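Two complexes, one shared chain (chain A), two partners (chain B, chain C).
Moving on to the complex of A and B:
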């Protein structure tokens, strides 16, 4: 035996044990990674990547800069406040001609229209006449529409010429830039988003609270009943859970509407008069009732999963040592259910903050939430940058709440079942 | 197991083979889509062997734009409003069809003289004239129902909830007409900030009584369920509910807002040629006249008007139910696409803010 051999263990084939172990472990790690790779790639492609795209869309809108390159460089080489001269107008007309040729002049107009309403047709009208415009361009453009000489329009064009912009985030919190570029609140009758964000969070908190109050006793009952009976009851919880969201929402419409089942029964019983039918739908109440029902299982299940393993002997022990039933509940039973409460509230709150279909169907105007406006900007107004900005704010707000939860309760205490 | 696999694979292959021949037409659903299926889709399939898949939408125009921007076009033909047809065409998102491609009327009139003025653009061909008017449940007003647009906004004289479409278009115009603005001045007024304020103020006066509808079919449904005592609607929907389904609904034409509905083919449509063939077929004299047997919308071709007779029940005369009937045009407003192309972003924002405010 040599000295080296003495200081180092080797495997049967003479390699150092450390190396062989590292190699074997490395192989195991690679194999483990290969096993999770499909899921990892799936998540990256279908979840992380789209979210990054949404984030980019909220600050990046190249509709003007891509189609009006001449104007972009003119704005870059002339400081704010430069009076647009004939050369500027010539550049503008050149860009408009090219854009008209490429059929993108309306796209440019749309981008400007977001920032200065009523200008879309300015661009489309000039696009149709672009070929006939003759120098001097300043006069001929202003002859088409005097708005082309408007300093406001030029100010707005300078703003939207930058492909990266925070303007959509400003708009998402009801702010805008005025003529001088300073940030001001939008007109009172156009403020909507801050109000809706607050409403969304307030209603979500309220719904979460009702869910907790309703779910706690139910989960407790499920946990303490003998298995046979609790399984039967569990099916009653799970059956609606497995039923389509749309079916449940429309059932609530049938129940709650003015000529609906509940109102009809109340009228038949003489509790309310035919003229005094209750307005329970197309308002905040409709959204609250339907969403509470739909989200209730998300509260019951985590609570049940932490309550089930709590041995009943703990409370009995507390009682035998002289605690009242309230003290036994407060000091012994309740603390053990906190991880379930945390999981349930977090789940229900986050789900309800992003809820869309139910408020759209039963919310009327006072019960709609911020996600309905995000859907509006995606599907109806096609202002995706605005939708992305709103969605980003919502995402960040939820991440902050999650972080707060971690600080206050601790995420390791979360127990989903 | 292997057999099953082969079978399913074969079926999938069959599915693809079939879809290569199918075109997808997106329209507004309900009674309107049914009229199109009966008058356009079925005869088209019978003639060409190309199947037509019908997809419902609350408003197909923005959907075309969403697909174009996402670069994933699955729609072959879409039924859109005028302002959307103009805007999508300006943005280069539609195939051009053009007047020259369209066949002459059945009486030999060239297409350019046969179609109503402005009903054919570079990219779009109109099928119908439709109107947003309002209807009420006659059983709710035994002592005589509303007759004017002002009555719609008068909840003291005519109590009950009101159904309105959840968008500013047509609502703002109707509000101004109800407030006494003559139809001819509506868009001039709406072009000023004071005019917009005035329209919203009028809407505000009934805000707490409004039940909003989004899909066209929801409006007559609200009326039928007794959720509202009167509602604005696309006139053909009210007609179908009243005549085809026998509901006790009556329409009020005062203050109606009418416009064209047009067929467009999105750029990059998966079956462009078949789609354009479909548009030509559907806007022919006979097809347009046939559609009027199913729903009360006026055909966009003059040569079709002569062929419009009775509803498919064989006894109801369609004339009085058409938006363009002279009796119905006494106080009517043609919707201005120029106005909405320019102002929809701004007025939508204002409308959303107004909706969300308490």
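Moving on to the complex of A and C:
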């Protein structure tokens, strides 16, 4: 039968075969869909929707535009570089009065402050006095604070008046717009994000590498031991999983701190002197040690699941064919574990890139990662757009890695368990 | 077995000398194994699972170490030689073709690790593939081949580096019956053509009988009998071998009279039968008489003059095409089997029919009671 007449096939009573098939299978398909529908809706509501929200937050910030409608229209009708006249100041004061009424001056000040640090107080101060301001507004505003006449401030207000902006992404990679609107790098002492991204990826790569080196022999041992013993060992591997993350991290604090168990033992053994105690916590070393420990099972399990079904006869065959044990490992055993290595490294790397609690607790200042800064922007500086931009970059970077992995190894070769 | 091969067997190309193997230090899996395998011989280790045959093969290949005794290859002690230096080809039960390599790469592997030049490698790979009629498949991956094809590739890979000794660990176990029979024929052909020595492990007695020069029947870590297939089938030395190789009727009884090789056995139900004494020594000893179903006769003219006969009742007759298989009640038990050739003039027995059966004394072997 050729493909051409396959489209014209009919059932015994002359109905098109495709229709008959769809009808016959339709009921089962609908039922299957209904079964997965609750989970689908749950994921859409609790996962996909929030992520889309975050993506939008990273380019959309209406804090200024919502509360200062007069200014938005003034900026719209006057081109860049227009000297703000009395009418402009009158509009500004009108907006500020309305904002003071609605108690949103602080919000506006916050938004301007993201772009031009040190301006928050400018707005909160004028918010308190808005009602008392009299025309001519230009003079009276400048009398409150001469900064109101600063063309930089007006330039920044023009920028933040647009609710949709790429500025947060610029800031997230240490770039900003200068007065003329062209993109430049921020001052050297303000460049934090790029370095932090680099540090995050470098530390994650390092942690992943250590995990792989430590996990490979353990997974192999698990795979070749008789089931009874390997089950016991597996429980030891999984034990950390059943312990709270916080407990595990704090126990590392107990072990690693300057007056902690490890330092005490080293001093007692005379390996280091009492004033030469090692700084193993609140720095990169602390983060690396604690995270390696916590993420190790995520490397062991995929490796184990790949190694378990590899029959010992492969290596035996290689040996009988004349390969030394090293050659047999390198040419025969190792290539077959690559899917597990891929899955494990991808898993551990992605998890560690987004790790938060452990670096926050044991990382100090040199061991914190980008997610700690994201948390800072969410909790402390209240700059959700900045947090969203940083998170989006992280997400895109991981998607790129995933894509690269697919190109190099093939996602279908991924074996998680 | 030819005379030349017999001579070679005595020389012992492969030799197990008082080999013992224990895994746990408590029990022996292989007990005092002494075996000489001649150059060019096809020797099969046959036995039920757990009988120690695979352990012997693994010790020869170098994957297990002998707890005691010496294993020699071409006169050299190889106990301490690692597997990759033994130069022994091996075919595994699940083929063990490397899944991440093509067929060609699989075959080139043993040549590569031996440092053979690329051009020579290619020629040898092609020659080995042609040997198993798989020349067109060099670019395929093992997963794209059928079980029989994978088996051929595994065979070619074990032969490609021209080993003098090839070990096969139940290589045909995963194939269906027809393919298995075909591959038996091919392996045997390769063995004859290349003059290699083959040590073959199987639990399938049919395979062992059709392919081997000699068969070593293993049970409980001991070789029960080491003989050519015909010898093994027709003259089993003990009850285990009699039962393990082919189908056998077993009649328990007691030695009534013993005169050289001739024994008279009285069954539990009182009947007297003729038998050949194999490993019984004296009158009054308990014994198990074993008779092949195809050697049982029910027509008086087929039995030797003066032979003892015994009454039997036909329970049922199964039509099997080339033969008719009758189940008889003999000496109080239902399990007695008689096979008759399905010839034109064959007497057709019916269920319930009462007959007298007998046999040539040399076909009934009085063995040790199990």
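By our rule, the second predicted complex is superposed on the first by the 396 of 417 C-alpha atoms of A that agree within 3 Å, B and C clash if a C-alpha of one lies under 4 Å from a C-alpha of the other, contacts with A are read in each partner's own complex, and residues count from 1 in each chain.
The criterion applied here is as follows: a contact is a pair of C-beta atoms (placed from the backbone, for glycine too) under 8 Å apart; a residue touches a chain by one contact, two chains touch by 3 or more.
As the structure is a prediction and not an experimental result, all values here were calculated from the model.
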- request: With everything superposed onto chain A, say whether chain B and chain C fit together or clash.
  value: fit
- line: In this superposition, the partner of chain A with more touched residues, chain B or chain C, is B
Message: Could you work out the angle between chain B and chain C as seen from chain A, using CA centres and rounding to the nearest 10 degrees?
response: 130
Message: For A:103 in the superposed arrangement: first (chain B), second (chain C), both or neither?
response: first
Query: In Å, how small is the closest CA gap from chain B to chain C once the two complexes are overlaid?
result: 46
- prompt: In their shared complex, at which residues does chain C touch chain A?
  reply: 61-63, 82-90, 92-94, 96-100, 109-110, 113-114, 157-158, 161, 167
Field: chain A to chain B touching residues, read off their complex
entry: 102-107, 109-110, 113-114, 117-121, 124, 127, 189-192, 195-196, 199, 257-259, 282, 360, 364-366, 368, 373, 376, 378-384
- line: Within the complex, chain C is touched by chain A residues 311, 313-314, 316-325, 327-328, 331-332, 335-336
Field: Complex contacts: residues of chain B adjacent to chain A
entry: 59, 62-63, 65-66, 69, 87, 90-92, 161, 167, 197, 200, 207, 210-212, 214, 225-227, 338, 341-346, 348-350, 352-358
